[in-house]
Every structure is written in structure tokens, then in C-alpha cells.
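Next come two complexes, and both contain chain A; in the first it sits with chain B, in the second with chain C.
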Partner chain A sequence: MKMQPHVLTIRKRDATKWLAKLLESRDVIAPALGPCGEVLFSKVDSPEQVLWDFENPLPPPKQFVLPQTDPIVRIQQDNHRTEVAPIYDDRQRVLFNVRPCDARGIAFLTQMHEMEPADASYLRRAEKLTVISLACNTPCRLGFCVCSDSGPFLSAGHDIQLTDLGEKYLAEIGTAKGEGAVSDAAGLFDAATEDEVVRRKELEAEARGHFGEETCHFASAMRRVSTRRVADALWERMSDWCLECGACNFICPTCYCFSVKDRGCNGTWTRCRTWDSCQYAAFTLEASGHNPRAQPGERMRRRFFHKVSAQYYVRDGATGCVGCGRCIKVCLGTTDMPAVVAAIRKGAWHGQ
Partner chain B sequence: MDNDAFLPQIARIDAVRDETPDTKTFTLRFREPEDSKAFRFLPGQFVELPVFGYGEAPFCIASSPTRPDTFETTIRRTGSLTDALHVLGPGAEVGIRGPFGNGFDVEGARGKDLLFVAGGIGLPPLRSLIRNVLDERDGFRSVTILYGARTPVDLVYKDELKEWETASGVEFHVTVDNTLPGWTGNVGMVPILFTKTTLRPESTIAYVCGPPIMIKFVVQDLFMRGFREESVISTLERMMQCGIGKCNHCAIGHRYVCRDGPVFNFKQIRELIE
Partner chain C sequence: MLSVPTTCPFCACGCGFFLLARDGDLVGVAPGESHPVSAGKMCARGWNAHEASLWGDRVLQPMVRRDGDLKAESWDLALDYVASRMRSLIAEGKRVGVLGSARATNEENYLAGRLARAGLQTNHVDFCHHSLCRPLMAGVEDVTGESAHAIRLTDIEASDTIVLAEGDLARTHPRAAASVLKALGRGARLIVIGYARTQMARLASCFVQTAPGSEGNAINGLLAAVLGTEEGYDSLRRELKAVSPSDEIRVAAGWIAAAERAVFLIGPSGGRADRLRSDAASLATLAASTGHLGRPGRGLLLLLGRSNVRGACDMGVAPDRLPGYQRIDDGEARQRMQQLWGTPVPPGQGLDAQRMLESVSGLIVVADDPAAVLPMGRRARAALKRMEFLVVLDAFVTPAVKAAHAALPIASLPETEGTFTNMEGRVQRVRAASAPPGEAMDGWKVLAELCARFGAGGGWSSATEVLGEIGEAAPRYSRMVPQVLDDGWGSSLLEEPEWASIALRTSPTEALTSPERPYVLARDGASDWGSDPLVSFSPTLNREYQSERKLFPNGLVEMSADDADALGVRQGWRVKVSSAHGGAVVPIRLRKDLQRGVLLAPYAFRDWFAEVLGEDGAAAVNVERA
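Entry: the complex of A and B
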């Protein structure tokens, strides 16, 4: 799927035509206004619904590659004879105007599911999803993507990355899938000029300049987490603030822990994969009643080991955080990523 | 990509044997002969066993790869899935995914003295290896089996224990924590059996499996008696959902009990960081 990246431009007024073209052959999922006026990633019916200037929705677009309840096997039992068949999602879809952090999140999930043994149901769905991201000329209020190399612009891993140049959008094509999404409407695109490519670089530098000093020091937390040099007492103090609601897991673009359940009755069942949370006590509860992570502090230690340890960094080539800042917004207990990373660095939580 | 990791094969229950009041051994046979042919496993590996409508859970394979065609798994009734499984009889269909996990290093054990220490329902995973070893008895040196359970009723594989007691080439000792009328054997925790046998720490691989508290005391005892961490081996248990290192339920640090284990030696266990 790798190809020589090339760069095109499209006039802003033509972007609507492009979207109309995409809508003819694919489902288009984009940030759009929800029923109560909130911004949500959802399937759109017309190009006008797609938002270009928006605050990143609280639920990330991971639900479109990893649905909260994901049917994977159909089970049918008649006269004591059982038949099972896999369920695949083969819809051609475009994820339009997602932010770089979320595009990175999806790339992270795909890489995880590609690891042997590969997960066919996920990969078939992801294979048919084209991710078109919109670079952030202006950083969002809570984002810290610069700390985990996930924004405000992507340098690799995107199918298409759009940049707002004022009159036009610059479109960097990164993969054959991206190529497919522009070739349907080839007449709308021009090759980018050198000036336009330079302008994109300037915009990236400006955007990076808007971030203050680094807010989430992964490297120093990683050293401590990977060698178990964070005191158990500190995890305990922090976990006192955690409500164990699991919201941080569910809105995290890279969290993918799941459980497998059968749903249905009377001989017809659907085996579903459902999101689960490592912050729930039952996550590790065994049938015998034994629970290796019975204490909230142990569960919090687990979460941050998976996110920022060197062991996982070596395996995945990235931290399990894309710096989108959603956990800051959603966590009522203030045990979000930057806060916990800071506490690990200082060895103290709320001064204690 | 069609070989979906979550798609179970169908197996039929061939026979059900009561082991204890809450534990049964199920003999399973794949419905499709090609599934049976493709099913190759090592002692110590496990399967995910879907009971349709209830979900699935991991169970160790309790029979030996030296006896293919069917395989056995010994299951205690502890929840909704195992409740549902325990009412199934011969002919009923369940699913099988696997085998999963690393299994015991049978080749590495050849030519060594083998010591098996099991507690209660910890015998089934070791029984797979024991039967494998006894079927290829010439390849191994001494075989010592020490087994304990809470009461005489809780001993599994009662017929087989009798065979081991009398078999040549096997040293077998059994004990119970609490005696019942009619029991004439040893009474006490498993470590008391160490005094009944001659241990050869330098040439022996010890396989320990049982409840956490029993493992703790047995292993302490073995180290005191000169065993090295590398030659004491156990199988770990964790809550599991997928069996292929993806769902994260069984993760310890960046290791996965389902994929990197469940068989670990105690040096590896000590080095698990989280």
C-alpha cells in the first residue's frame, strides 16, 4: 500500500463537489452537528453537513473501526447441530476531516490488530476505510499532541492529509487508498505549487509555535513506569481520585481492551466483541474469586504501564497516547494522562 | 484472512466422567475430521471453549498429545458458563478455539528427573504432561508425582491415581488437608510429601500447579531444598477473553499469559514487571 507521496490542491468551493463524488460510492463519516447541536462523528448524507471548523468531538472516531459492540460470529443451533460463520463489515467508507491525533489513533489500532495472530474482522473493516485528516493550523485548547508526535500535522501514516491554505486545501496523498479517494474526482485537483508546499510547512511551524512548553513529559514518566520505580503508595493516592468509571478508556483513541460475549436466544446467537475497561475490578476477576488486580491503584498502574512503558513503546513504536486531551475533558477525578504523568515525574500527587 | 481467530470449531462431547461433586472430565471429539487432524497441541496448552449462548472460557487440555483423536478437559463448576457446561451430556456440541499458549517444553525435559507437584484442580494441566511422559517413559529419568487436595473427595482422576500408585517407574504420593472416614493415607499440606521422597535438585525439573497459596509454600520449600528458579515451572492463570494476546485481560506488564505463557519458570515470573 505504500507509494510515493504526492501533493495536490483543491479549491475550497470544489471540496463540496469532491465530497458529493465520494458520497456516490462510499459512506462518508465526518464531524457534523448532532441532534442537540453537539459536534459528533457521524455518517453524513450531503456535503453541506460536513464541518470544516469544529471542536474535536468528545467520542473519537475509533467506533468506526472498533464498534463498542462488534458482531464477529453468527451462531445457529438447530436440532443440536451448530453452525458458525464469521461476520465481516465490507462497507466502503471514508472518514473525513478527522484530526491528526485521531488519524494516528486509528493507525495505532490497525497496527495492533495486524500483529500475529492478525484479527481478520478488524482488518477487513479497516482495509475499506479511507482516513482523510485535516491538519490543525490552530491547536485545540487541551491537546498535547506535540508531546507524543501525533500532531498538529502528520508526517506519515495518513491516507490523505488536508491543510487549510486559505483559498484552497492542500491534499497530501499518502497511500493507494488515498489515491483512490481523489482519483474519482481527479478533475477537481491540481498539482500543488512549490509555494503552496512551503506555505504548508510554515503553517505547521506556526501551529507548533502556538503550543506552550511541553505539557506531558512522557520520556521521564516512561523511565519510572518501565522499571517499576513509581511508589505503590503514589498509585494508591492517585487511585483515590479515580471514580473507576472507565470513561478515559472509552474516549481514548488508542484504547482497545475488549470482552467477548454471546447475545441472542433460542439457538440464534451473535458473538460480539465489546469494549471493556482495565479500570474495572471485574476486568481481571477470575472464576475462582481470585483477582490479581483487586486494588484500584494496581489497576491504574496497569493502565499507565500499557500507555507509557518502554516495553510497550518498543513493541508498538509509539506511546499509547495521541495527546488529544479527551481524558482531561472527561475525567471527573482529574486522573487524566498529563496529570498522572506529571505526578509520576514529581513523585507526588496534589503535593503529597 | 478467512481463518478468523474468533471463529470456533465444533466439537462433540464423547463422554462425561464425574471427578468430584463439582468437577467433571469431558472427552471431546471434533465434529469435522479435518479439524481433528489439524488440532496439534503440547501439554500445558489450553483451549477457549465456547458454550453457545453463554460465551467462552479458557480450559487446559488434560489429556496427552500422544493419544490423539479425542482430548479431555477437566472442569470445575464455578459460574454460569461452567454451570451450563456441566448439564451437557454425550452428543452435545460446544465450540473449540485453539490450542493456545506455549505449553511445556517436553523435548527439553528428556533425560531429566521429573517432579510433579499438584494441588486440587491443579492436576489436570500436569496430567497432560504426565501421561505424555508415561507414554514415552524411556525418554525420561525418574518420575515423581506429589498430589494433595482438601479432602479425599476432592481428588481428581481417582482411578488413575491408583494406577500411578502401583505402576513401576512412577513414584506417587498423595495427601489430603482434611481427612474423612475411610481415608488411610497421608494427612497434611502438600509440602509434607517432600519428606517421603528423595529430591535431586540438580538434575530435576519441578512442575508445580495448584491454588496460589499452595504454589507459594511449595515453591518456597523447593528453593530451600536447592532448586534453581529456572527449573521450577508453573502455569499461570488469568481472566482471559481472546486467547491471542489482544484483549489484554491476561496481561502482566507487556507479557500475555495466553500467548507468552501460561507456562513460565520462576525466573521468568520474577522478571514480570508491571
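Entry: the complex of A and C
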């Protein structure tokens, strides 16, 4: 549902009123202070809990569209009959103040689940979800979204994108769902002036000039990966620095591979979708005991082929990475996205 | 979505994470960036820690065996029944005992110890994992006089030289392996001693590949090279007279001697208990004689297998120790405990886990399946079947629960409160994110009820209250109680003990093999995650283990391709393995990381080699094509 984008502003003190309005009809999920002093995406009860100045939470908001354990089908069996009913999650949700990388991540997941055969369970949840993102005037320390066209500001794909202009937030409305999220509180918004739109462009240009320590040159890595010009020995060497934890998959805003397992007994089962990792040996283990990707290096090669090859780029229109930098923090080894992409480009790991 | 900070229930690294629950049901796990051990990183087990509670075959109500079958019973009647049966066994003069567990909390272990000593008036109290790590702890104690001290994982990261006598660190302790990788990335040198060219060995600056059970030779080689011609150490040098270090070992010894910060890591392996003990003592001696023991940021770390091995030891779940490692033969210590508990504490050392299984008539097992953990394997299962009265407290229906005369359902770890102590000596909170199913109760509550029925206290209103009492019983715990009770991660390091003296020691190790039996067969590893309920009930984690069991229903032995070629056998073909004790015919699996002359019996398949290995973890064998 694409529409002509239109641009509004809201005064900072009115943002609370807007949130209060949203809370009346929807679950609002936003970065909030959680246990242990950590900022986590949580369902908030009041507008005051929503943080506006925060470092992006380590767990992405993926859990709210694609939970790690997700009941998808209920199966009931009597003497002669088996009833199978899908389970849908029809809650209306707003993801508020997510960063552009995470908004891109959810758009990517939705695109993947729309591919035939379409995934009804995911799409029902996604249809009821409105994503309101907050552009990054200051890029985060480990982020490299600028390398994968996923930030620091979005030019498309958001329901609403907010930008902090100082006194006000600029709200770029991108979709009808976005329109719906402001229409309930229309009185709080004004049309943006030309100056304000210009200011947003300046802020984006400034942010683009302030990227930190991580960069990720996908283009040259893509040439090598797509034409199989990365030596098997290099994958093998790199895989010695991977501890096969699966964190890169689980934390990644764009990874969606899953397994299916039934829970229950005595004639009633719930079929659950559970996150799975292509870095686990058992992911491709066959019943015969044969494993087409038995070696960790083969699994790593597969992961990066899916993430950065031209073959997938052509199909999906994007790399499988939004540059959020989370894999740098969670990798138990040292084989995060920027490190491996750099090794692919150089054809060497740790100088070898 | 509820996010509850808790401690990982798998290995003894003690990572922390958030358990996620929605509408009362667990849905997953999220990393916590501020956790002092894991800092946002977790291994595959941690990332799937919620699964066993969801998919596990759970004990839902108290059950008592009547007419051969386990039948549901009310809590009160089941507990009364347990008390009366145990009492009548004691009255008949029969032996009874209690097994704590490395997967139970400190609070559960402490109460298990109190139930045994103050309630049942016996020192037959131990836990199964203890048998695997006790030789290591004893070896270190031989040198330092203290069994519980450790370095931090961050010390590994900041070190410049790492000596690792391993099983397979990347598999057993992924978080510790991550610390090694971090140090290597900073340019540290890694010296690995082991029988397989594992992931860590491939990254090592020096890998000394030994036969299983001969790791001590390599450690002694390093020691001999380090001592060289330095003055003093005469008695050590006498022990090492026959050792002539290779050039490679001399170079590695040079690195240790010149190191600013060296760390020494050793974990339980399949070797014989006496050898493990002397290996640990030699490694501690190597650390001490190069000035790396007893100084901050350097030293020795025992790679304990299961989440709460250290905690169970600290709680005195051992036949010869009271809480805080006070010796059972120390009359003053017993007096102190008597004052705290209000009942006499029996003198005299009790039986360890294996001996208990072999000889007691009544046994209370807290959250463990002895046959899955102990090296004795299926003989433990037979021993449980023979018990006159077996009580098992567990969240999961394990083979031990199926054999029980009374099965008492307790909460699994994502459903209970308490603390674990990791291998660094860090006491950390375990918190509940959902309610236990059915009539299951917190384990500490069930143990408190049993204590009350044996006049061994009772009336604790929370796990925190039990922790408070632990602080009185094991003084090192008292100082950290307030920190553990904060509303964050609740993580606090125990203070390191002061050492009275260091007694350097080492002992020569002889070769196992002979011309008639030129191969060494060893149990590989010291645990089998595949038969641990936390893994076997997790659909994501159990796949490889289940597949392996299906593919090798007749056991398996692993060997190098060179040995297989020499014997004229291929993957899946059968060989006859025979030692002085007995023989076995099993199919082979080839491994690229083994050297010639070494055969491995994976821990999960140890039962197939019960006749070959006897009580030992390694033996000289001959191998023929079957």
C-alpha cells in the first residue's frame, strides 16, 4: 500500500499525548528501561516509559514479529478425527522508536514471508504491525547501516519515520498504516515547513559523515562470493574462529530460518515454529546421518553466500544485512559480518 | 513480553541472559549486554535454554510406587511416605544416602546436605559430577592446600600465555574458549596438551599431541624445561630425572617462563583418576614455579563440567566435607554446624556417589540421573533398580524417575529461584520466568519439607532465606549475600582464600601400552550432554545426539584413518577391542584429528566398553578386524 509520502511535525511535548492515544487501541512496543539497567524492546504501559535518547537495544525487535518459539497450528485428535487449526496472532501492535536498521529488518522479513508460498502466520502478524522509526542523527558506535542502505535515515519502506529536529519531531508518513497511526491524533500534528524538510536533509548528511569504527564493503566481497573466488581453505581457517553458537543468526534482524516441532500429548498438540541456525551442524543433518554441510567452514560459506552474494541480492534487492552491528557484540568467536567481509575482500584471515 | 535476568543452567562458565515469557509461557532467550561473565555472548546451549522446560517430559504430580506402578499421590502423603520408609530403613540398621546435583541450585544442594547430615544422620552425601572433577580439585589441593580457588575468564582474555590441558574446550566450555580466542586475537600464545587435534589445538602456537592418559608427560616436560638448571627445586628435579623435553616443549616452556601473565586451564578428561590428580598437581606446580600462582590475573582454572559443580562442592555435598570445605573429621567444624543446625553431625567420612549406589538401601536423589552422569553408566541403572527405596526429585521424567519408589516433581530452572556458583567462584541468581507445571514445587521447598520431617530444621519462607543460612554455614558466602540479592544480575565473586603454603609436587607417568597391546583406548570426554534432560528434551539441541545414537545402536569406537587402513577396515566396519580386563566388538568411526595408536570411546557409548576399561578411563588394548 504505497502512497504519496507526506510530512508532518509534532512538538516534543505532544509526543506523549500521541503515544497515549496509540496506547488506547494498540500494544506499543518501544525501547524502555528493563531489568539490570538494560534498554530492551518491551511492551510499555505508559508514554513515559518510551525512551527517545538511547543506544539501540542488543536484542532486535524480531521477537515481536517472529518469536523464537511461535505456536502456529493446533492439532486435536479424537478417535477417528484429526482437527488442524491455524493459530493467528491478531494483536494490533506499534513498534515505536525503532532505529532505521530494525525498520529495514522487519521490512526485509515481511518481503521474505510474502514470497510464494506466502507465510500466513507471519503475514497476519505483520499486517497488524505499524513501524514508527526514529532516524539516527548520530550513528551508533558499531553500526555500518550506511554500507547496506539501511540507515542512518530511511528513504523508503517505513510506515512513519521520525527525525529529532530539536523542538519538534518531523514525521514522514510512508504508508496507509502510518497514516492510520497519526490520524487518531491528527490535532497534534502540523504540516512540515520547507525549512524543516531541508533541516532533515542536512541532519542526514551530517549523520552520514559520522560513521564510527566499523565499515563493511559489501560490493567487492559480493564479487568474490558470487563467483566462488573465496578459497575453501580460507573458510576453513575462519571457521576455527567460530564457536557455532548461532548468535549471528538469532540476533540478525534479517535471519528467519526455522525448524518445526510439536508440543503436547494426549491428543492435543501445538505445532511450533522455532528459530534455527544454519551454523548448527544439525541444521542440514539428514536422517541417514549424511550432512551436506558437515564442516563448519562449509556452513560459514553458506551463510555468507546467502547474506552477500549477487544471486541473492538480485532476488531480494538487498544484502541480508542491515548494518546494525549487533553480530559484532554477540559473536562468541570473532567471525562477525564486518570481520568476515573484510577477510573475503582481502582473501586472508589474520594475514594468512 | 517479560524479560527475566537469570543464570545459564548448562556448563560452569556461568553466563547470564534474559528469559523471555509471554502470557506466562516461555518463548525464548535474549542476551544481556551488562552481564559480568557473558556480556551479551552465549553459546548454542544458552541460546536454547528455554526449550527443555517446554518440550520436556515433565513430572507433574507426586507419585508413589504401589503394586509395581507409579501412582499419583498428594504432596503430604507422598512426603510422609518417604519419611516413614527412610526411617524404617534406618531403624533396620540399613545404609541410606543423599545425592545432590551439579544441576541443582546452591539452596537445593545445601538443604540436601543438611537433610543427610542433620536429618538422616549420615555422611553418605555426594553428587555424581563430583566423581569427574574431584581428582582435579584434589590435585590442586595437594599443591596449594585449598581446593576452591580460580581465576576469572577475563584473566584469560588479558593473559599473554595460555596453557590448556584439554578435552575439547570449544565444545565443553564455549564461553571459556571465547576468552582464549580473544587473547589469541591480541597476540597471546596458546600451548595445548591433548590427544586430539581439536579446534583449540589447531589455533595453538604449540600443540603437544599425547596418548590419552599421558598428558602428564607433556606437563612434566614443560616443568623440567622450566626448572632447567635453576637453583632449588631439587626434589622436583629428582622426580623429573627421566623426563627429557623435546625442542618444541623447551620453546613453549620458554614462553611460560618469560610470560608476564600466564594462565593454566585443565578440565576433567577420560583418564584414570590418579593420573588426573597428578596432572592437576603438576600443572599447579608448573604455575607456581613460574610465579603465576597466587598473583592477581594469573593462575589456574579448573574447567568444571556442569553449571553448579562448584556450588555443590561449596555447599558440602561431599562425603568428607561440610559447607565451606570444612573437613568432616574436624571436630570443631562439626561443633559449629551442630550449633547452627541444632542436631549432632555424625563423624567419619561417608561413601562417594558410586559406592553409595553400590551399597545403600535407601537413596534420595535430587535432580540427577546417576546412570547418565557417572562413568559406571548402566551399572548405575542396575544399582538404582536394586534399591529398597529410591526417592527422586526431578523436573523431568528421567530413567532414574522411572526407577523410583517415590517421584517428587520440582520446578525446572526457568521456573525456580536460587543461586549457582560458577567455576570462577561467582555466585549468581537463578530466577523464575514462568510457573512450574502441574503440582511441581520449587526443589528447595520440597527439601525443606523433607528436612522438617526428619527434625532437620524447616520453615524457610524463601530461597533467599536459605541463602542467608548458607552465609552462616559457609562464611565466604555471607559477605556476598547482599550483592546477590540486588535486583540486577545478582552476581558476586567469592573472596579468594589465602594460601598458607605451596607444596610443589609432580609424579612421573608410565606408558600404558605394551607390545601385546599397542593401542590406547580411552573414554573421550567426561560428560554426555545427549543424555542430560536439558539437552535431550530440547528439539534444537538434541538432534546430533539423537542421530548419533540411531546411527550407532551397537556402540562405536573412533580411530584415525591410518589405523583403519592398517587394520583393513573402513568407517562402520567392526573391530574387536581387547584389554587385560575383557573385550568388545564395535563398529568404527574415523576421526581426522587423532594420531595412530589412539582409540576413543565417546562418553555416550561408554557402556559398550565396560568390560574393556573396567574401572579405568584408559587402558592398553589390542585391536583386530572382527
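Rule of thumb we're sticking to: the second predicted complex is superposed on the first by the 348 of 352 C-alpha atoms of A that agree within 3 Å, B and C clash if a C-alpha of one lies under 4 Å from a C-alpha of the other, contacts with A are read in each partner's own complex, and residues count from 1 in each chain.
Definition applied: a residue touches a chain if its C-beta (ideal position, glycine included) is under 8 Å from a C-beta of that chain, and two chains touch if they have at least 3 such contacts.
Note that the coordinates shown come from a computational prediction; the quantities given were computed from them, not determined experimentally.
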### Side-by-side fit of chain B and chain C on chain A, or clash
fit
### Query
Of the two partner chains, chain B (first) and chain C (second), which one does A:259 touch, if any: first, second, both, or neither?
both
### Query
What is the contact status of A:72 with respect to chain B (first) and chain C (second): first, second, both, or neither?
first
### Task
Give one of first, second, both or neither to describe whether A:271 is in contact with chain B, with chain C, with both, or with none.
first
### Task
Could you look at A:285 and tell me whether it touches chain B, chain C, both or neither (first, second, both, neither)?
both
### Query
Is A:333 touching the first partner chain B, the second partner chain C, both, or neither of them?
second
### Task
Using the superposition on chain A described above, determine whether A:135 touches chain B (first), chain C (second), both, or neither.
neither
### Task
Return first, second, both or neither, reflecting whether A:120 touches chain B, chain C, both chains, or no partner chain.
first
### Query
By how many Å are the closest C-alpha atoms of chain B and chain C apart after the superposition?
7
### Query
Is there a shared patch on chain A that both chain B and chain C touch, and which residues make it up?
259, 261, 276, 285, 287
### Message
Looking at the complex, which residues from chain C come into contact with chain A?
### Response
1, 3-5, 18, 20, 22, 26-35, 40-44, 46-47, 50-51, 54-55, 170, 174-175, 177-178, 181-182, 185, 199, 202-203, 487-489, 539-540, 543-544, 547, 550-551
### Task
Sort out for me which residues of chain A touch chain B in the complex.
72-73, 75, 77, 80-82, 84-86, 112-113, 115, 117-121, 123-124, 226-228, 256-262, 264-265, 269, 271, 273, 276, 278, 283-288, 290, 292, 301-302, 305-306, 309, 311-312, 315
### Task
Provide the residue numbers of chain A that touch chain C in the complex, in ascending order.
34-38, 40, 42-43, 58-59, 63-64, 67-70, 240-241, 243-247, 250-251, 259, 261, 263, 274-277, 280-282, 285, 287, 289, 329-334, 350
### Task
Report the residues of chain B in contact with chain A in the complex, numbered from low to high.
1-8, 10, 50, 52-57, 78-79, 82, 91-93, 95, 211-212, 237-239, 241-242, 244-249, 251-254, 273-274
